[in-house]
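Quick one: this structure, given as structure tokens, is what I'll be asking you about.
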Amino acid sequence: MMNFIECELLRVFIGEKEKLHHRPIYELLVSEALERGMAGATVFRGLLSFGLRHKVHTAKILELAGDLPMVVEIIDSTEKIEEFLPVLETLLREAGVEALVTRENVRHWTT
Amino acid sequence: MMNFIECELLRVFIGEKEKLHHRPIYELLVSEALERGMAGATVFRGLLSFGLRHKVHTAKILELAGDLPMVVEIIDSTEKIEEFLPVLETLLREAGVEALVTRENVRHWTT
Amino acid sequence: MMNFIECELLRVFIGEKEKLHHRPIYELLVSEALERGMAGATVFRGLLSFGLRHKVHTAKILELAGDLPMVVEIIDSTEKIEEFLPVLETLLREAGVEALVTRENVRHWTT
């Protein structure tokens, strides 16, 4: 019997090349989530996007500039997600990068 | 302080090879969203799917036919998403292609 | 006019290398969903994740071990999704693998 628990999915859309202290932001976000014991974090790479000051990121541009859209997905309770938001905000501000962030209600279950 | 705003995530699942006027549908959808000033649009490539008349799209088939599943994700207010739906529907009908489309409520925030 | 129907999106996060009877779990899940006539199923590959006993799956590890995170997304009515859950649970238990599973409410439409 799978018992699903109410939680939230936080998604952070950011450029693949965006860095802080020479490390990709998406990787830093996964590290921060791991350190905080969040339930899960996964990174996916897109092939085309806009939304960050309407720059278009494409796979073609990647070949030149390596800046494809990435989405970092973090899953945990609303409480844990809300504790993570200031970490995210500080990290984005320090790096001076743009990001689109979404939150949504999901239910989760783990083996 | 991150203030999240209620909005919607529109997702369009479509074959990578589907075209209209020699342009991929997923690229046309991103262009249309960009022209209409939507908050964001991102395209991801899947590696296996069915759902479009139960054809199975796989990475192996891609090597032969180049038709992997793609998902175009568009984020904006319900109002802007609803204005976008007729554009989407017209485009799909003109191209005569199949698509699976989903909408869901999310909250978004941008830097 | 696009009429959207209430349904659910089931997402299963699992390692690319996880297998049962020599077949990848993500592929088995798509097969099972197809056999049961679910509305749609799509598989995406991530490039970095944790969440399954906090092992970190990365693209670098992939080159060595081929174990990237995968997400299988299945869309159908709540009823059909609930009928699918025991199939999923049995499959995961037989394979003895870890997975993170989420459910969320979406509305869907097909051409």
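Things to note:
Going in written order, the chains are labelled A, B and C, and every chain counts its residues from 1.
Assume a contact is a pair of C-beta atoms (placed from the backbone, for glycine too) under 8 Å apart; a residue touches a chain by one contact, two chains touch by 3 or more.
Predicted model, so just to flag it, every value in this text is computed and none were measured.
Fitting subunit B to subunit C on Cα positions gives a rotation angle of 120°, stated in steps of 5. Taking shared numbers over all numbers used, the subunit A to subunit B interface scores under half, which places it in the different class.
Centroids built from CA atoms put subunit B at 20 Å from subunit A. In subunit A, the positions touching at least two other chains are 44-45, 104.
Across the complex, subunit A meets subunit C through its residues 1-2, 4, 7, 9, 26-27, 30, 33-34, 38-45, 75, 104-111. Across the complex, subunit A meets subunit B through its residues 13, 44-52, 54, 56, 69, 71, 85, 88-89, 92-93, 97-104.
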